[in-house]
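Should a chain be cited, it is by its letter among A, B, C and D, assigned in written order, with residues numbered from 1 in that chain.
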Amino acid sequence: MAINVGILGSTGYTGAELLRLLVSHGGVRIAWITSEKFAGKNISEVFPHLGGFLDTECVSVRKLGELENVDLVFSCLPQATSKHFVSKMRNTGARVIDFSADFRASKDGVYGLPEIYSAEIIDADLVANPGCYATSVILGLAPLAQQGLLQSTSIVADIKAGLSGGGRAPSLEHHFSEANQAVNIGSVSAHDQKSEMEQQLSVLSGSDIEVSFIPHRIPVDRGILATIYCRLNKKISIEKAHKIYEQFYNKKSFVRLLPIRDYPSTKNVRYTNMCDIGIGFQDEVFVAIVAIDNLGKGASGQAVQNMNLMLDFPETQGLKSTAVYP
Amino acid sequence: MAINVGILGSTGYTGAELLRLLVSHGGVRIAWITSEKFAGKNISEVFPHLGGFLDTECVSVRKLGELENVDLVFSCLPQATSKHFVSKMRNTGARVIDFSADFRASKDGVYGLPEIYSAEIIDADLVANPGCYATSVILGLAPLAQQGLLQSTSIVADIKAGLSGGGRAPSLEHHFSEANQAVNIGSVSAHDQKSEMEQQLSVLSGSDIEVSFIPHRIPVDRGILATIYCRLNKKISIEKAHKIYEQFYNKKSFVRLLPIRDYPSTKNVRYTNMCDIGIGFQDEVFVAIVAIDNLGKGASGQAVQNMNLMLDFPETQGLKSTAVYP
Amino acid sequence: MAINVGILGSTGYTGAELLRLLVSHGGVRIAWITSEKFAGKNISEVFPHLGGFLDTECVSVRKLGELENVDLVFSCLPQATSKHFVSKMRNTGARVIDFSADFRASKDGVYGLPEIYSAEIIDADLVANPGCYATSVILGLAPLAQQGLLQSTSIVADIKAGLSGGGRAPSLEHHFSEANQAVNIGSVSAHDQKSEMEQQLSVLSGSDIEVSFIPHRIPVDRGILATIYCRLNKKISIEKAHKIYEQFYNKKSFVRLLPIRDYPSTKNVRYTNMCDIGIGFQDEVFVAIVAIDNLGKGASGQAVQNMNLMLDFPETQGLKSTAVYP
Amino acid sequence: MAINVGILGSTGYTGAELLRLLVSHGGVRIAWITSEKFAGKNISEVFPHLGGFLDTECVSVRKLGELENVDLVFSCLPQATSKHFVSKMRNTGARVIDFSADFRASKDGVYGLPEIYSAEIIDADLVANPGCYATSVILGLAPLAQQGLLQSTSIVADIKAGLSGGGRAPSLEHHFSEANQAVNIGSVSAHDQKSEMEQQLSVLSGSDIEVSFIPHRIPVDRGILATIYCRLNKKISIEKAHKIYEQFYNKKSFVRLLPIRDYPSTKNVRYTNMCDIGIGFQDEVFVAIVAIDNLGKGASGQAVQNMNLMLDFPETQGLKSTAVYP
């Protein structure tokens, strides 16, 4: 008896990636998908690459009451809107994985970063899927945070992110001729995932951690490269630091710790749930370089990983493809 | 008992794509891989995206004699070189799929286009994997050719091709700052896949077919879009033409014939073995638009499809992923 | 006493390119610019790259009556809309260069292709600036057309065009993550510049010429590469053909005829008014490869060239920069 | 009487950009250019975009002795090699602008950053043209450094740089299909321009300044975006900080200080000598965002600016084009 899932807001980029992954997962059936913009259309008209793979009509959320109850719901709805529908879904008895920031700082939900919270995720009814930037920075510093090694005001997380992270709604900013061949930022002011990073790293550290963080728009479709600079509370060798990372990520299927003096490229994790980490020192300053796919480990891949834990599938089911290359 | 395969010349782009596909195929074991440039290196040093997925050392072809016999060998070696090693491999009893042009026009090998020659491929000892350009043009015109509808001297096949088709060896032409933001051609003179197209279409037509063909370099990693213009021997409606295509590609797993007035994009077939076809008329001129991935259906995907047929796997095994998007 | 010009519809891509060129032209003063979307804004807020170079406020066309009379008006307004305002401007005594298709087939205007109609342009009150696709195809075949060498139904003009040609209004089609890494077409049906090409080539040939023409979207910002295939009425050598082109384009400042066996790249004409042409034969089929910048020789560069002729400036004034590279 | 210049190593990317600028400078004559790789070839064969603009044969440096003496020599030779030929040239009486790092830390040469050292450059016989990364970071922090406001160990300069900065020699790293759609770094270890930044900022500050600095490879042709994070010695408002920048860059032709809450994009400075700067605070951390073109203000544009000062041309001569767009 297959497990049934529903998807709220399936026609943005996180929805598209989720569909791509679930179509070949093998353990679940996509019972329904919602879309306001494309309600009434077959999903393969919206996403022609799914032609022959998925043959489901998009329905409006207004028709949620008429849809079958499912075991698990993914909500790819935007912030605030999501909150409302997540409650509705939970009332039907469904477990929920929410992509928005609505429950990330809340006691109601479990923070869905399986490398740290897998035990809690297994039993959760509501999982708050982490932000893509936060995922990269938390995974990049967690081993040192846990050891209490981070100098709390020294951390700079400079992120370069592919443009699919900006969503599928057309805008001048993402118009090809504007975005192509351009590198720039939105704002210097604190991004809302800054507090998400700080909260998680503070819990791991057992003390308040500050992160200066700016995401940059880079003209690639997919990928996040986080360059994280920080000073440590005590001097350790690169070999010692590498050992700490090795132990922390021992047996974690989706983290590849690179050898000393090797650094990741977004190219090696594209369209996967992998997180590649390379570390080094520049004089006294420790640097972690983290590469993930913003829609993979940064969103829909991680959501499937969470689903696997919640539904007792092997953690890697449906997530075993290598990165595409070149 | 798993089936063993070997790969000659595994560290170019066709080799990389073949490895990516075989790693998740589920029915074969990669017994050995050769590389002259990277002999002695682990394949995951050459291709970091395979880290954790494949852990095999590259060997030089000079050590072929020391390697275990396998059931099937893929040769991704360059033309002429390939010929020599294909013979050697066949002497060990291995069946061979050759990526070069060496056997495409030869009686020794079966032309490995499964949409036309699947019966012959099943029993073949040597399959000549078609050229990427030829694959797109033959699939684009085969239905009309078979009906004898092509005006023999009216065909123009204008191809736009991603740069991975040019191989992995660095050159000024493919240097990023030269190739990026540029569209151009190599030469107007007849490309060697012109005769490959002409031969296959002539066989299908039962008469001599000429194709004017120029491939263009386009700054994308993957993809071929073939725009094929031709005049027909008799006037038919677009509905009639569409029906002819529909019947020809009925039950072919990897061809998606688009509805009338829909046209393919390379974006919908990237990293897959799919071939998307859209057709139309511009006044009297028939136009077929064909999209494939140059390393997928244009090379390694097609090779795996051929392998599946030869080794009695389901034709789609290991080739069922949707295109990556966006 | 400087010459005054006005620009209708200055905040699309043709307007932006026109401003860039006029700012450093040296012979004209930009008296006013209109924009509906950005009325009231300073142009350097709309286009930050003009900061420090141009300090003019955009006004709505509704305020045209309040603006000073100028010697020449460029209209970058969309088709149909343009027609209306061109009349208005001519009533003020201004000469007009219109970018739309409204007057290209009309007796009222002179077809603004200076390589063919410079004498008429010099005295014109209304110049219809040619389409970008038409410019490339007409220049690519004009020498043979004039000699009556074109086989009238054999011509295929396959065009690859940068995405700035699609304008500045955001759309899903031009959303970065959709357009990047994709090659595709809009439609097989006859594009409206098809008749523009046919008309001009028919006049030059003295007989009816048909062109099969499809433009392709290529993920580059700028550039058109036209690959034009045709059969000739009589067999001539490549040397003879080259001589015909040489004579036709003798002393034309913006056409670079490449040596035999050399072919152009869009990269060498980016952001210029140059038109690079290479020719060859593939068996019996003659091929001309033409590279222009869609916003340069394909639009605003050509408009400035026309202005120079109309206002008695040297033809190359303000258009002498080399292509940017790399 | 025109002023004569020679160029050593003219066929890399800095050489190409220098030629492009000098061709339309109007005040100098290019007497000779050297190239080892292309000796004997006409420069327009090497760089077809210069066809019709420059018609000069490349000579080998071994023939330097036979060439005419010139007023000024640009050396685009690689480090160490350059040193040798700079001496030779100075013995002929020529003044020299050297692009390598050889003289940047030396008393022999003047550091060629005109926004700071214009007085010294005017009279210099040897100008050490700054590194592209160093230019962006020094200009980004100079106003605060001069005020002694920088906390010396708090500075992180994270740089995103276009691939033309890596030069024109083909390599796997810059092979299109490898570099496209990838974001990564070379190394975490100290880059050689780190000390260049530290030296200049320390002089301005009057105390030792440390900079943590990592350059990132971004798949664009041109552009540097430097994101510079630092803490200040005393709390100042953003308005106060902006005023400090305004005063420092008052009357500097090539620096555009953006309004508060506006940030630069590489797109607005492409192919120019402009330096766009935007500043802000993220909580306590000051951030400067600096955009330059790596081959413009980061290399050849700055060299022409230096030449203008040395030869008593207006500082902006030949550098007045706006950025190309889109």
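List of remarks:
Convention: contacts are C-beta pairs under 8 Å (C-beta built on N, C-alpha and C of every residue); 3 or more make two chains touch, one makes a residue touch a chain.
This is a predicted model, so every value here is computed, not measured.
Common partners of chain C and chain D, by the touch rule above, are A, B. Distances between chain centres, each the mean of the C-alpha atoms, put A farthest from chain C.
Separating the centre of chain A from that of chain D, both taken as means of CA atoms, is a distance of 38 Å. Our note on geometry: chain A versus chain B, Cα centroid distance of 35 Å, whole angstroms. Chain B and chain D, compared by their mean Cα positions, are separated by 45 Å. Among the residues of chain B, those touching two or more other chains are numbered 13, 164, 168, 177-178, 181, 219-222, 265, 267, 270, 326. Of all residues in chain D, those touching chain C in their complex are 13, 16-17, 20, 23-24, 47-53, 164, 168, 181, 221-222, 256, 258, 265, 267-271, 276, 320-326. Contact residues on chain B toward chain D in their complex (touch as defined above): 13, 162-164, 168, 170-172, 174-181, 219-221.
Listed in rising order, the residues of chain A touching chain D in the complex are 153-154, 156, 158, 160, 177-178, 181-190, 210, 212-214, 216, 218-223, 225, 227, 229, 261, 263-267, 270, 278-285, 287, 289, 291, 326.
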